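Got a structure for you, written out below as structure tokens; questions coming shortly.
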Amino acid sequence: MTDFHFSTPLGRSRARAFGISFDGEPGTFNAITDVPGVGVGYTTLISGDGPLEVGRGPVRTGVTAILPRPLSTIADPCYAGFFSGNGNGELTGIHLIEEVGVFSLPITITNTHSLGVARDATLKWVAANRPEALASAWGLPVAGETYDGFLNDINGHHLTEAHVFAALDGATSGPIEEGSVGGGTGMSTFDFKAGSGTASRRVAWAGKTFTLGVFVQSNFGERRNLMIRGRRVGAELAAPQITQTTPRAEKSSIIAVIATDAPLLPHQLKRLARRVPFGIAWTGGLGYNSSGDIFLAFSTANSQAAAGRAGQLASLVAIPDGDIDPFFEATVQAVEEAILNALVANADMTGRDGNFVPALPHDWLAATFGRAG
Amino acid sequence: MTDFHFSTPLGRSRARAFGISFDGEPGTFNAITDVPGVGVGYTTLISGDGPLEVGRGPVRTGVTAILPRPLSTIADPCYAGFFSGNGNGELTGIHLIEEVGVFSLPITITNTHSLGVARDATLKWVAANRPEALASAWGLPVAGETYDGFLNDINGHHLTEAHVFAALDGATSGPIEEGSVGGGTGMSTFDFKAGSGTASRRVAWAGKTFTLGVFVQSNFGERRNLMIRGRRVGAELAAPQITQTTPRAEKSSIIAVIATDAPLLPHQLKRLARRVPFGIAWTGGLGYNSSGDIFLAFSTANSQAAAGRAGQLASLVAIPDGDIDPFFEATVQAVEEAILNALVANADMTGRDGNFVPALPHDWLAATFGRAG
Amino acid sequence: MTDFHFSTPLGRSRARAFGISFDGEPGTFNAITDVPGVGVGYTTLISGDGPLEVGRGPVRTGVTAILPRPLSTIADPCYAGFFSGNGNGELTGIHLIEEVGVFSLPITITNTHSLGVARDATLKWVAANRPEALASAWGLPVAGETYDGFLNDINGHHLTEAHVFAALDGATSGPIEEGSVGGGTGMSTFDFKAGSGTASRRVAWAGKTFTLGVFVQSNFGERRNLMIRGRRVGAELAAPQITQTTPRAEKSSIIAVIATDAPLLPHQLKRLARRVPFGIAWTGGLGYNSSGDIFLAFSTANSQAAAGRAGQLASLVAIPDGDIDPFFEATVQAVEEAILNALVANADMTGRDGNFVPALPHDWLAATFGRAG
Amino acid sequence: MTDFHFSTPLGRSRARAFGISFDGEPGTFNAITDVPGVGVGYTTLISGDGPLEVGRGPVRTGVTAILPRPLSTIADPCYAGFFSGNGNGELTGIHLIEEVGVFSLPITITNTHSLGVARDATLKWVAANRPEALASAWGLPVAGETYDGFLNDINGHHLTEAHVFAALDGATSGPIEEGSVGGGTGMSTFDFKAGSGTASRRVAWAGKTFTLGVFVQSNFGERRNLMIRGRRVGAELAAPQITQTTPRAEKSSIIAVIATDAPLLPHQLKRLARRVPFGIAWTGGLGYNSSGDIFLAFSTANSQAAAGRAGQLASLVAIPDGDIDPFFEATVQAVEEAILNALVANADMTGRDGNFVPALPHDWLAATFGRAG
């Protein structure tokens, strides 16, 4: 089972496979899906090669669905908080989160120009699968994005609602794939191929063990800044045999989703979201101007209280703020590892107009950090 | 020309037609389109009657497009600020506005479950009409919503991208229609039929005259609270011959867009947005829990500075904060009048399942406030 | 007992004494002290006449102490939220409130330039009276201010820590004085003498009755805008016999403190604070540039949870957000009445340099609104 | 001159003296005072030994004054922005900064329980030295704090207004002392003696060179987390011969002040402030619950525009947001170095009740990083 700490379901190596050590203790799958009830599904769209023809391709995109709860309770609100570290991006649903500290329904993450279809399709999917949830009420789904236009025909709007339904339908618990899958398909980080990444931490508190999982759609950073466990490796990775990357100007963004089964209140979940930049900093990121760095944290606990019932006092439990530091640490640790997983569990990709993004070289990783097992 | 202060282009009476007096001096059209360069377009969808069949109808919805600049400069950013008075709703694009104080591209407002199509279609429309704007960059359009599911088959998702293109293509300056048009088609306020409303004010400052215009998609409030120019008329309007309104639970929301040609900085535009609740208060609203009360203010001035040019200092001008009070007053006044215009320039509507929303009775208005001219 | 709805302990008429009717049902004292355990104390400093001599006077200032809990539990945190409607002022303690939704220790309100002494003296008073609270921890007291320099020698810094101790020691429950007392001594509103005001509302919910009380230090507005229960009376009150007010430029601010025994979470208390502008709007205020309009709401419930205990899950109860509207209404109603009480329970005042601020004329009030009883 | 990169005016070694290399190019003094017009002054209070007697001592505290402009223009507002990374602390003046993006008058930083005297004394000092600034207006000074109660008799309130005046009077440009001076006197970081630290960076842009300087009052972190240029040295520093530190529970906070002569608008300065956590992350901090991590950034440019003149358009210049990344990098780099300087330029300290905090051992630094020159 712990193989999943070293490789993805499809057998891609994860960061730990190269002997990179991290702080803290991961969960079974070292994934956001270690949080009970949380599911992840992907639709990955890769087709075509050569020059960009808007509407024809090449296509390098997709959509990721994160179900905060099983379908049977998907309309039950979760307590949540968010933080925009650098707001050059989009994450919907946040006005309600800021106001009353909740969201419900699945989260989707895709490319910048397809966020709308992902959002609305989520409502259609809920109406089809849980019709009572939207019979006489509205939904305000959380949908996020990062930009894949360097590799993908983003203005071709290739993502359809059928693709979104497929990701939602396919959401599962257990180990999940990483790298160029789902919404992360066309994404890069530190000018290496990146995309979807995840990690989790167990947090012991007062005789109990909670789980905190992180999922990132990672698409930020300049190569010269890359840092791995304190080693500023960006400069050495700029060597010619590595930097055949097609030059590019834009360098954005990162969406991070933090899930936990620990009972945390909305203001506490916002505090978790505000810890994401510390994890990004450990990889060398610092939130460049063009980056959309937006972070969401939610708790699966207290579901009855978050929903509320008219005329009844809601009863909640919460970790005291004075005891929250281990959850902060888990967040920072899991963000760092999730970003590196998105970089490691990957391969070179050529996209529209021949634009090329290399993977973080595995031989360099092995030479530099060794190899586990 | 000043006829437009009293009636809409289609001849519907506006609030001033009933002798209701307001503070301040309106612009030529008493509309957001008094701000030079600002255009408004609507697509209105009304079809079917009888019981709700999801996907069939009845349909009572639409979309409103607000172009902050003419098409030729639609990709030039505007300085902007926003405020969420009560965040039970959605307005996209706000992370960027909060971060760098700008947005670009048209604004759309529609029903809650069609916001995504309005947002993405805006990107397609820009790519088609101003392809250079999105050739190697992303767009983060502003799209807002209120809920029309009491009258409309909202889960039928009847709004298509063609409808959005039509509203964008049809955006014009000059006098604009109000009431049950565009995104406001299926909306109510104080349990009377409402929807789209607008008003403007001239603001004299230092020998110059600026214009500030407000557009609302108004869909909030309980009848008992309705206040018109200080008169608490909600109680008397609850009389049986008026209150044949179908009972309903939900009571939301209001999107307000403030445009001005006055040179105001992002933080100043946020200040304008924060004055919207004062105008709402004058009509009897107070931001109920279920309301999505989200407000955007933008300035058409300083376009070169807001866009910025690499390697060049941006040069801006700004009204001093010490002189901003007349702009605050204009905002409050225009918000109050725009809401009342949305209520007055309207007619009864029956929607899905026979749900009925009466118009604010014109005979009562005439008896209570008189009639102008 | 209900006499206190009509007059203050010292016999000053309150707004209801003039037949002004308000929405909602007030508590026994129609004061923030109707919330069990909340105490208010004042130190009022009035001395000297004639030209300003900095450090000599004339003195027209003071300090108000609001104890959120009895002394025996004064160090127990209260859940709280705040909103800065217009931030041209100071309220300390808000970083912690924003972060973890709590504050503890007494609140003080004074003039702008003496806020520091009020804040630090509060810590000394706590250290003297509840030494265990600060033996190995810090305190971050809430201290607020408005500007009284039109009447008071504000740069003379006449408020001492002894004055602050006296207000803290004198805090009591029961009916409390209003008008030119405590921190409100030198304050004006709509260019009439104002200062301290209070009101409360009973809120029935699910078979229980909660109390919500408001205290304002009111010091804002231009006379022409004054509105009383929808009547725009500002213009008529500008008549010469009334407007002998010494002309002045500055026009600021209002601090509002909302207390309730209803179990509300931090995000819900922030929502209450965001409703204060609606009550201000009903009196004709709109948050001018120079105004420091900062609002705090706190709940005395859930004291054990807000404090937290290491290693123990906190257990809380909360009103569902879906049921919060009556608390919003109570807030708006009590803010409106508290401001008018500050104006009505007052008398003319002449301060430094002969600067004169008239009271809202009681004969005009009687002629306009009648007189109760 | 470049000696000041290696040692303080009193000859204490700075981080660079131990061969620790940093990114970016520092200014002449590698201090916030490299920004033209910015001055720093300290009052340091060290007296007494042995058991704590509240009011008697031992005293280990002080106050730091940062003048954003020379005295002659000290009342001219500066554009500013702030960010509360973790709000378990106090920084006054921020409501105005949030509202209109300015502050004026000197900044003071001291211990938690003396913030009030520092704030009010600043007003007295301005009234005495620039009486026109407060003759008919109010001041809202920025005052910050961190907690020194582990070493200092904090409830003895030993800081007087005379001490604050002395720091203000003594503010100078040029090289400034670091470590246990001023407000930093009783502070610790990663359980080593810390306090005041500073650093600066030159930022080349479009043929010009701007300066960005950082000042920290550093008082945060757990030893096990200490990281120096990527080396996680916390564990090795926990060795017995080093960890004779008296055990303690509390672990807070950090105030950071960023100054620049680059023309940046309020929203851009807020963006700088939001980059401080990245610099903290590089030293191993992550914003523990008990930490008050509050950051202020200001620009000395555009002074006429920030002040504003009634009836005149303000004219400003600004770096485009698209060019802001080098300023982000400079901020992160200078924050990292300022914190390490506060740790390095220090010595062991014993305070109240014999509580002992060791300095970061210089022999360990030399053995680990070498020694410059």
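Order of writing sets the chain letters: A, B, C and D. Residues in each chain are counted from 1.
Definition applied: contacts are C-beta pairs under 8 Å (C-beta built on N, C-alpha and C of every residue); 3 or more make two chains touch, one makes a residue touch a chain.
Everything numeric here is computed off the predicted structure, so don't read it as measured data.
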(message) Looking only at C-beta pairs that count as contacts, which pair of chains has more of them, B-C or A-B?
(response) A-B
(message) Taking each chain's centre as the mean of its CA atoms, which one is most distant from chain B?
(response) D
(request) Can you check how far apart chain A and chain B are, centre to centre, with Cα atoms defining each centre and the answer in Å? (result) 35
(request) Indicate the whole-number Å distance between the mean C-alpha point of chain A and the mean C-alpha point of chain C. (result) 46
(request) At least two other chains touched by the same residue of chain A: list those residues. (result) 86, 99-100, 271, 289, 321-322
(request) Write out the stretch or stretches of chain B touching chain C in their complex. (result) 85-86, 227, 229-232, 271, 274-275, 277-278, 280-282, 285-290, 321-322, 324-325, 328-329, 332
(message) Under the stated contact criterion, what part of chain B meets chain D in this complex?
(response) 99-101, 205-206, 263, 265-268, 271, 305, 308-323
(message) Quick check on the complex: what are the chain B residues that touch chain A?
(response) 54, 84, 86-100, 112-121, 123-124, 127, 134, 136-140, 143, 147, 149, 154-155, 157, 249-250, 289, 292, 294
